[in-house]
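Common to both upcoming complexes is chain A, partnered first by chain B, then by chain C.
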Partner chain A sequence: MQPTTLEANTRAVADGAVIDLRGEIDGSARDALTSAYDAAAGPGNLLLDFSQVDYINSTGIALIVGLLARARSDQRPVSARGLTEHYREIFEITRLSDFMTILAG
Partner chain B sequence: MSTQPENRDAGAWAQPVHRLTVSEGHINVSGRRPTAPMHGFGRMWQKTYRTSLAGTNLSPSEVITVWKEHFPEFWPAGNRFFAPLAGIAPGEVAALDLSMPGGLKLSTGVLVLYADEESFTLMTPEGHMFAGWITFSAFAEDGATWAQAQVLMRASDPLYELGMTFGGHRQEDAHWSHTLKALAEHLGASGEVSAETVCVDRKRQWSRVGNVWHNAGMRSALHMAGAPGRALKNAFRRHEV
Partner chain C sequence: MASLQPTIRRVSLRRPRSAAAPADVAETVTEPVQQATFDDESLALDIAANDPIVAYLESASGAVELATLDLDSPALVELRANGITLVVPLVSNGELIGLLHVGRRRSDQDYSADDRRLLETLAAQAAPAVRVGQLVREQQAEMQARGRLEQELAVAQLIQQNFLPKELPQLAGWQVAAYYGPARTVGGDFYDFIELPDGRYGLVVGDVTDKGIPAAMVMAATRSVLRASAQRLQEPGAVLARVNDNLCPDIPENMFVTCFYGVLDPATGHLLYANAGHNLPLVRSGSESSELRATGMPLGLMPGMNYEECETTIALDATVLLYSDGLVEAHDPAREMFGTARAVEVLAADREAEPLIADLLGALESFGAGHQEQEDDITLVVIQRREAAPSSALADFELDSAPGHEREAMRLVGAALASSGLEPARLERLQTAVAEATMNAMEHGNGYSANRPVRVIVSLSESEAVVRIVDHGGDHAIRAAATPDIEAKLAGLQSPRGWGLFLIEKMVDRVDQHTKGSLHTVELAMLLKGGDDATDDA
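And then the complex of A and B:
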């Protein structure tokens, strides 16, 4: 399977915004994540949908931390959904799960 | 049984670990929880140090293989990295002795959070100077192979934040610049190092003031101060036997 660069699409929902993530989250995902967060500007919850993500390395996790820091600065609660069991474990060991609500499904 | 396909990165990540364990003789590591940058007190920084390995004709994976195998040798004098027996592999824990001003030796450790062919990441435990991780990587760019160390960190508590402000950041910059220069020279390159620092979050997390309880600097100082007493106690024990 060819590696795929990250696509991050933002859509508004009633209580905030959802960022749908698709592809791989590594060092090359910086611009896509930054743009998606900028597009999600505004109050309310931020939901990250990882159901189409098939690869995350440690540089990618660092980018997610940067996004969490921005959301915290903007006082926006962040949640995540669509995490496989494997990525739930990664969010646990990196302790990102301490700072976002992990939703089922 | 899970029907989910195995991810390509599966073998590169450490298994979940709640408390670190390291061999006897090292303090401030066993029983400590690993910490993410969000668990620290101070401002969040991302520091990136790079050096070109032009002329070496080494691939990124070859560079990382050498870096993992010789990691402690590239550190500045006075600092020790006690490499795990299994080497730098996901889930392994290494103890560190770091040289601090005033002759203090700060004992702490790191967890190998992630390791693949082209990068590896170390995560700090409670009590370390900073909460966060350091990613070492190699990549090809502009016709050359580059080596990079990237730190994502917050000072763990107010004392460390003060220390980082008054010389700690400069000392850390010197540490990783030395490491990259030593790696480059080991590989036959010139070893010029560039550094870039970005403040990711300017806020200090006052809810994390309590992290000072785990401060490895203070605990190391107390441990050093208690060394003569322990030696005397051991001598009496031997005499009684």
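And then the complex of A and C:
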């Protein structure tokens, strides 16, 4: 299989947790994302930082949908930042942006 | 004597010069009517086959005194009227083939037994010789008649071939092939390619009812009028109406012309067409077969006709077959027709233009088991829309089917189009679509099989950047992109996946998919200028 090309590091912040993402979000990112979410367990906001992400494909979008679904059942608001213009557009087209707050920069 | 006229035998008689003249011994020969030539002393005698004298003479054993006969025979009356008193039948194979006849003896005495023997010997020796002579003459006459027919056929063929295109048009991005096979009797089939002033091409296939020289002449006239009208008029319906009005006054009665006329724009594949009662052209596109339907009366029946005009766009890799009824109405030994269904079957093999024609002729041959003489002219014209020549490609590469290789496709496409004038944001969208399509190709098309690479071809037209992604999953059905429902996905009611085709369609200005044989191609195109923002129609 393809080597994992995503690093996902979770850190706690005052109002919840931040997951810093680095690399590519594709099919190989499943475990990294799952572990990162597990590590962010607890109440409060969840912020996904995409500023070091250079590639998201449709499988990656499916993984983000899965992560959103978990956050939803955990009743955690999710926001995202650091998306390029291109991926911000894709988040809009797929309506991911209707279920997470897209922060500038 | 099968070659003799069945009801009439013509016998030439040499008329006795005078009653006082020495006894004439003259040959009387039956011969076919059409070659009866006699000198001024001859007299032709028609003996009807049912004249009782025929049966009588055929069974007679030698010379016969006409005076002794009591038959209700018109021939007998005529023979007597010409002064004939004695006849010796010339019989070959039990059939009466002539008469040796004599008039009254100079001495007015009856013929002696010696005289009769002499005549009978003469008749016995003459009969086979006369028969051979007759056969030779029959043969010669037949040869002459056949020669005339052959000559006519040769002329018809000459006209026909003179009015068929000498060469096929060279259309960029198109394959064209044509076949014309005349029946022995030469029908009135024709086809034509007409270069039009605006860069479009007129496509013609027609068939004149009737055969031989008249059909060839009408075909030549139709073609000329059609060529002239096509240069003046844009619309195929109007062209056929004009040709019809031109033909009507002069066309021989009971003759008419069926004709399909289409105007093809080679740049776009757009085809505008009308049909004057000709066989409906067949189209093979992807895995679909269809007919180009348009209604209209055959040409030359009635002036003032209108012709329905229809249009279609020939898709990339689609094949159009124009043909004449010589194809679909060919019979097998059991008199079953070849039919369009068999032609459609051959088309479904998705072969190139030339081999397709060979396949059609092969199918026809094995259908008729090669025993049947070709009944009618066969005309086949194949046009196929193909990818632009590879030389116009900016990049053409293959990637092994392995996860992650879509990134390489993105990178290479980005590099190929870096200086294409496509603005960076739109190039990025195209690249995302390329990645998705390449993933689909590797996974669904090639099953991530190492020996099945994905081919990516990048090209640039005047208006578009085009990327074609080719996999080996041609035999798989092409799935339509369902619109993913994120609410259902978040609620766990729908798989979180299923974004690929949706994304592709949202990212680019145009997506086409087609299958040819085992190859499946996704074509992604981005307008170089002024494309709509995809988010507008999201």
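Please note the rule applied: the second predicted complex is superposed on the first by the 101 of 105 C-alpha atoms of A that agree within 3 Å, B and C clash if a C-alpha of one lies under 4 Å from a C-alpha of the other, contacts with A are read in each partner's own complex, and residues count from 1 in each chain.
What we mean here is this: a contact is a pair of C-beta atoms (placed from the backbone, for glycine too) under 8 Å apart; a residue touches a chain by one contact, two chains touch by 3 or more.
Since the model is a prediction, treat every value here as computed from it, not as a measurement.
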item: Fit-or-clash call for chain B and chain C when the two complexes are aligned on chain A; value: clash
item: Partner chain(s) touched by A:Ser28 [first = chain B, second = chain C, both, neither]; value: second
item: Touching partner for A:Ile93 - first (chain B), second (chain C), both, neither; value: both
item: Partner chain(s) touched by A:Asn57 [first = chain B, second = chain C, both, neither]; value: both
item: Partner chain(s) touched by A:Ala69 [first = chain B, second = chain C, both, neither]; value: both
item: Region of chain B that runs into chain C when the structures are aligned on their shared chain, from 25-33, 43-51, 97-105 or 169-177; value: 43-51
item: Overlap of chain C and chain B interfaces on chain A (superposed complexes); value: 27, 55, 57-59, 61-62, 65-66, 68-69, 72, 85-86, 89-90, 92-96, 98-99
item: Residues of chain A touching chain C in the complex; value: 1-2, 5, 24, 26-28, 55, 57-59, 61-63, 65-66, 68-69, 72, 85-86, 89-90, 92-96, 98-99
item: Chain B residues touching chain A - in the complex, by the definition given at the top; value: 2, 4, 6-10, 12-17, 33-39, 44, 46, 113-114, 116, 119-121, 123, 133, 135, 137, 150, 152, 200-201, 203
item: List of chain A residues in touch with chain B within their complex; value: 27, 54-59, 61-62, 65-66, 68-70, 72-73, 84-87, 89-90, 92-96, 98-99
item: In the complex, chain C residues that touch chain A; value: 402-404, 406-407, 410, 425, 428-429, 432, 435-436, 439, 484, 486, 489-492, 495-500, 502-503, 506, 534-535, 538
